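Across the two complexes that follow, chain A remains constant while its partner is chain B and subsequently chain C.
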Partner chain A sequence: MNLPASIQPVIAGPEEFADALANQGVPSVRLAWQPPPETVSSAATRVLGDARRYAAMEAANTEAMTRITSARCVLVDLRMARDIVPELGDRMLLHAGPPLSWEAACGPMRGALAGAALYEGWARSLPEAETLLERGDIALSPCHEHDAVGPMAGVISPSMPVLVVENKTYGNRAFSTLNEGLGKVLRYGANDAGVIARLRWLRDEVAPTLTAAIRRADGLDLTSIIAQALHMGDELHNRNKAATALFTRAIAPSLAEGDIHRSPLGPRLVGAILRYLAETDVFFLNLAMAASKAALDPAADLPGSTIVTAMSRNGTEFGIRTSGTGDRWFTAPAPAIDGLYFPGYGPDDANPDLGDSAITETGGLGAFALAAAPAITQFIGGTPALARRYTDEMYGITYAEHPRYTIPALDFRGTPVGVDLLKVGMSRIAPVLDTGIAHKESGVGQIGAGIVRVPIEPFDQALMAVASS
Partner chain B sequence: MALRWLVRANTYHDSIKLMRISESLGAQQGVVRAAAVMGTPLNRDLLEDDGLLPPGVDVSSDDLLVTVLGEDDVAADRALARLDDLVRVRAASDYGSHLSIPHTMASVSPGGEANLAVIAVPGAFAAAEAFAALRADLHVYLFSDNVAVQDEVRLKRLAAERDLLMMGPDCGTAILGGVGLGFANRVQSGPVGIVGASGTGIQQVACLLDAVDIGIAAAIGTGGRDLSSAVGGSMTRRAVAALKTDAAVQIVVVISKPADGRAAQRLHKDLVKLRKPSVVCLLGAELEDQGTVHYAANLTDTARMVAELLGREFMAPEELPKVTGPARPDTQVYGLFAGGTLRTEAAQVLDAMGVPHTLLDLGGDEYTQGRAHPMIDPRLRAGMLTDLAARSDVGAVLLDIILGDLAHDDPAGAIAPALAEFQANVQGPVPPIYVTLVGARRDPQGLSEQHARLEAAGAHVFAANVVAAGAAGRSIGSAT
Partner chain C sequence: MNLPASIQPVIAGPEEFADALANQGVPSVRLAWQPPPETVSSAATRVLGDARRYAAMEAANTEAMTRITSARCVLVDLRMARDIVPELGDRMLLHAGPPLSWEAACGPMRGALAGAALYEGWARSLPEAETLLERGDIALSPCHEHDAVGPMAGVISPSMPVLVVENKTYGNRAFSTLNEGLGKVLRYGANDAGVIARLRWLRDEVAPTLTAAIRRADGLDLTSIIAQALHMGDELHNRNKAATALFTRAIAPSLAEGDIHRSPLGPRLVGAILRYLAETDVFFLNLAMAASKAALDPAADLPGSTIVTAMSRNGTEFGIRTSGTGDRWFTAPAPAIDGLYFPGYGPDDANPDLGDSAITETGGLGAFALAAAPAITQFIGGTPALARRYTDEMYGITYAEHPRYTIPALDFRGTPVGVDLLKVGMSRIAPVLDTGIAHKESGVGQIGAGIVRVPIEPFDQALMAVASS
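Up next is the complex of A and B:
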């Protein structure tokens, strides 16, 4: 061993240690160290200090990151949920977030579940739908447990069309619904006649035409669209303007060339679908979510790994799943959101955070890629400098930089990807998410948008579970 | 009188910061006493006992607890209102406004510019940070104490695998690349390489050599337990090997508190094959000189032997004060030490003289939990010194005052009021006070100024700890 000829210190400790070095003319970096709970620190010591355990963790994490970042996710089809979503029961509704009971469900979630029951024809009125749900006559299950993800309430019912995204590298699939657009929509808990009618329109008119176009296009490479959109100001969670435009450009020829074009109704339908895409900036969100889900799922079960494979909220609880702990959920109460409100609304009106869309952050997009999306920062209440800061902060808690998702403003550095339980636990930095704010009462809809810091406890619990396994 | 307190939930500050906040609050006009502490059960009890906190305040160990006893409501409120200014954390200038500062060694990427981790967090969290730093390919200087010995063994094993320095835990001093880490004196650079399982031991030897213009090439701290049977001297031996290949090093010095016999034997074998002269001070372990390996009885002896090997003059014997007055066989020497090795060395001197003593190491684990080291925070020792006045069996007082970077910026000035109070309040003849002053001429506190300050406070001041201890022993045993 050679002694270092000169030292470049990084300090975890009182500022006097930095002062003592500065007084000798030596610059140093002083960490913003904060003490973790002792249980977390000893779990970290167990993992870091045991050679065999550490080697196993490194191998598992490296494998997890290889799987996550080598995914090539392609939109291959649009199908009825009942025909393709695994283990979706006849009278079952899927929802966002960790497992949830009707009793525990928040306002927007209840509104969306009741609306879906109405849409399916299981009930003729909302009170009847609520009674069915209250009695447990309709089964509830998390989207994540069916290879699916849904924004906000994230409700998927058997006769909703779902986008089918295939990870060509690993052969697995993920599903998500068609985005309903903005305004009064089921995902925010709205469920009046207009909402149900729009769902039927998506099913009966949009889906058949779009299905044919998707099949004709023979696979639309979502990973590539996401990579391009990051260079066009999207972060693929709160801003999908560029990705939706890229998608529209890619699907338009197939739409126009389709058989349906020859039928008398054809041109009108194609026009309606193009208008729907043009008016729905957020259309691609559901694809970004399904692509993220499809990329993360192959890493879902690697014992010893400390990489987070899902972050999600059901409006009542926030939950995570990790590579090293498989299907198990680790949860805490869903957080309140620090955001900007539309005129007339304020924090008292807000529902706690909601939706599977945090899968984008889990996969290295969304708030993790906020530095790529300076235009969005005003909408969520911030500045471009703050956006870079959030992205930079996330590098401190992630395991890798995404080789395909890069940020021009950071000299094309890859986005931070692979939330590492160890780094979260030791840094006390919890992930941040971009998010929309739902009114706490069902049916009102979106009342703002912002940034939310998720609770750290589930990460601590998961780390302790990995360390003691 | 008005008592005010507040609790800030989940707000952590290190013990030095809390000391500074406490001092600043206490110095406000109209404030009688003030304390800023983490809300541990122990701290809460202490404050309750002191009447600085009513019983039953709801506070946890993760909370900042601040209490102020003011002369009146206005003074107490005004002091508390300044808290925000006092707790403000300085921004790190190395980071641009848009970049966030890493929070943990686990977030430091290998292959960056940093090559050394300086870790001084509470003991319960220190091992995790040190493991993470080694994993990030950083040499580690681990100041923290209260680290489990099995973690120390594993840290040093990992460091050996990765060919990195693992200095510590409980490593008070190191000098690398001409830069002092932790408590270190501004000594000249020169031909001596030191490996020390003792921070103050390194400081004493380095300062005695500096006084005769012999400089230090590098000082590698290993942590006080390195030569114990559990740790087996792994870092000491690897550090010796590193000094062997370092061209700047002509003489290797090894300093430790009493060492495990087998660890000492292994070290001895390494040193015999070193092909550079070495001087070893194990404070108590008696090994025979062999070839180029020389054993020294104490720290001063170590410095003297180094000087002789280099063919240089060592310092003249320090002048001892005249012993006056009758012997006091019913008394003993009380020592309040900041340096553990200095305490051990003093005890050996007094034991050899047959002089009874009570010598405390206030830098030991049991005194530093939740509190800054006594070289930084003089309050604990000042309080204990003041309390000594109530004892009738104090024949002499021994103290060590240590200068250098990281140490208190005026340790002599900080202890002077307690010295005065002790001398004013003690019953009967005033016991003599002997101070070992460990410092180099270039130290920021000013060696001669500190020396003068201590003498003005009535202390006899020495550069060599064995001389101070000998003087203390002599003053008690003078008539026997």
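Up next is the complex of A and C:
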């Protein structure tokens, strides 16, 4: 076996599994363990009991982890979505999570889709937009199937500006929208006139100037900003305060030096953009998501691998894709969230879990890096000790420790990265995610934030698919 | 007794001391303890054994801590030092630490003083500047005696721009220079043409534009930035990365919107200032120092109090001032530093400890807040566990926990603040400081960073002075 020195399997499976590793000279840590269902253990045994298959799996997993952790992701551009995803031209909207129909869509997803149709001018009112969507006159497709990711509803329409992130190590790209800020925003299903006006401001005023600044900055290193922010109390999902501040100070000189400044309204516009960045702690989330997707995608098609390459939710279903199973989605109903609610709201108002933002956990950030972000517990609940326990737990179901993403409080140990279907299956520990909480009804918005344990069934299904392939 | 709920004395003294507190219904924690010298214990007994004196001390200390921890410090202006400290007009230079003569000054202090004389145009060469200083043609006075603080050599000359920080709770002000960055800089004793040119750039190009932006921003809340930065891995002495980024994003809109932008060179100048802020992680140190001094000064003259209001070093001596002893300095030789050196340098090259920056520890930041900054150990040495132990130790010699400065990793416990002469004297635990390391020779600059344990004698002297007053 040819594992990087930092990779030490944590075995939460039957003794023969650990023994099989020991026979190959791989040190492992054994955890207390509850037995998996017979279907899962027999799938695991099929892989583990066959030396040739086992070796192929290890080789594929090692290759997947090398690809994922050697990514260097930089921000190269800001473009209109239609220029990046030509399919959008024919009245298509992208959305978060696995594939979804209008009929199956939850309240906040419907709100965001209808709002986007209004923003695009395809309809003149929300009821008209809903009619178009109901009739199927607007196509729906997952962001993940177009190199994109979007937080919460994750709706991307043709004339939304998207951040273009390039993985310089492998040459692939990923995209995400500009973050609208907190509160009443499209991604949480709000869609009133103020929400639409803000989207237009992002498109008409922010995008042209920010595009010029991003091009002038010539490749802002997002992987480096993420590594620094993990040393500054961010976990890059629900807390992006440090990363956004580092991004702001990195882009600010390019903003100030742009040609826009020579126009009469230039200084006021640059000031407004800098104020938007200063007031939007969550701005960097969309960059952390695109960088995570750009890092994970090169590992998306390695036959035999048991590494998860995407976790995502559309508000109705939670789904995953894995390295060994390519583009196929494995899904289960979206889970409920354990969190802190804004005043006046409670669990009865909450929509089930929603958004592509779980791509951060898939890449070793978010809840997997909670030990780096003790201050986040003031926002999502829990205690710093609990935050640390979540990270500790995720070491048990991941394949590697990230060589560049480290946690000072854990003596600079790398974050747990690379959810392994085998470890999830045998340990019966499902991943945890940080998340925002959307109101279950269309048009309301965010009502809280918290932690969610995703359903384990998709991991079991995927493991069985790998084992029988 | 009328102590805030957050204040719990930690007793590292003789049993009768703890018993005396217990008799008054004050809960206390008892530590392992080594006996103090007889002079110190008899001074302590004089205060503790007299119920009237003891009550007066407790009242004075409680008042001191209330004043220190209720400060709200904001940045209100950037002015030429001569406009703020008129005494400077007559060829005076301010310096870090307790009072100092040219004869007693160490290498880096001499380098900085001579460089400042050159910068002011009082001399045309460094030898000429040294002659003026040697002849006493240039007066020297501690920053601390003019409401100012300066890092390392801490030299302030009449035409240096100084940041003006106002404590809105008490109306007093404190001042500090603009930080020059790292490496070859005046404050570490470097004084070549590049160092002087950078000082001129700060004065002639940065200051006018930054002044306008600071006035436009109308009171940037430094206390709030410090509180946020403690949740982002800074301890505000050797690590100011988060605070500088938060400051940058707060001032950037005002910089961009200034009139300067309408001039032909405006965008380039604003861009250069934003780049300087982006590249100078240590920029906020000077603001943290001025904010700490502005917070501590209102507690500077409370008879009977045993709270330390300033700790500082001039490279030759370490000195303190206390609430109960007013303007008087208590000094001892400056200590050596335990730290990490830049390549090519070692302990033999190091100057003893230097700078007013220990005002941050005096105010509950710096090494006292090390537990908030585990990532700093990559810069100053040690481990995250050791960083935490330093903070734990400082709880044993301080009077309070800061209500606004909290440490997420310690379950949001307030930082230890208010060094208490009695606790230092009886526990024999002297404060620790984060610090930079200057080369011992004039003209070289910074060669490392580390941790220093200050000498205990000044605390003993001050305690005896309080006891005999």
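The rule we apply is simple: the second predicted complex is superposed on the first by the 435 of 469 C-alpha atoms of A that agree within 3 Å, B and C clash if a C-alpha of one lies under 4 Å from a C-alpha of the other, contacts with A are read in each partner's own complex, and residues count from 1 in each chain.
Assume a contact is a pair of C-beta atoms (placed from the backbone, for glycine too) under 8 Å apart; a residue touches a chain by one contact, two chains touch by 3 or more.
As the structure is a computational prediction, the values presented were derived from the model and not from experiment.
Of the two partner chains, neither chain B nor chain C is touched by A:P208. Within the superposed three-chain arrangement, the count of touched residues of chain A is higher for B, of the candidates chain B and chain C.
Of the two partner chains, chain C is the only one touched by A:E257; chain B is not. Once the two complexes are laid over each other on the shared chain, residue contacts for A:P335 go to neither chain B nor chain C. Of the residues of chain A, those at positions 385 touch chain B in one of the two structures and chain C in the other.
On the side of chain C, the complex with chain A involves touching residues 228, 231-234, 241-242, 244-246, 248-250, 252-258, 261-262, 266-268, 270-272, 274-275, 277-278, 374-375, 377-378, 383-385, 408-409, 411-412. For chain B in complex with chain A, the residues that touch the partner chain are 12, 14-17, 62, 89-90, 92, 94-95, 97-108, 113-122, 124-125, 127-129, 131-133, 135, 138-139, 141, 143-144, 151, 154-155, 158, 161, 163-165, 176-177, 179-182, 184, 186, 218, 220, 238, 241-243, 245-246, 372, 376, 405-406, 444. Contact residues of chain A toward chain B in the complex are 1-17, 20-21, 23-24, 26-36, 38, 41-42, 44-45, 48-51, 54, 385-386, 388-389, 392-393, 395-397, 420, 422-423, 426-429.
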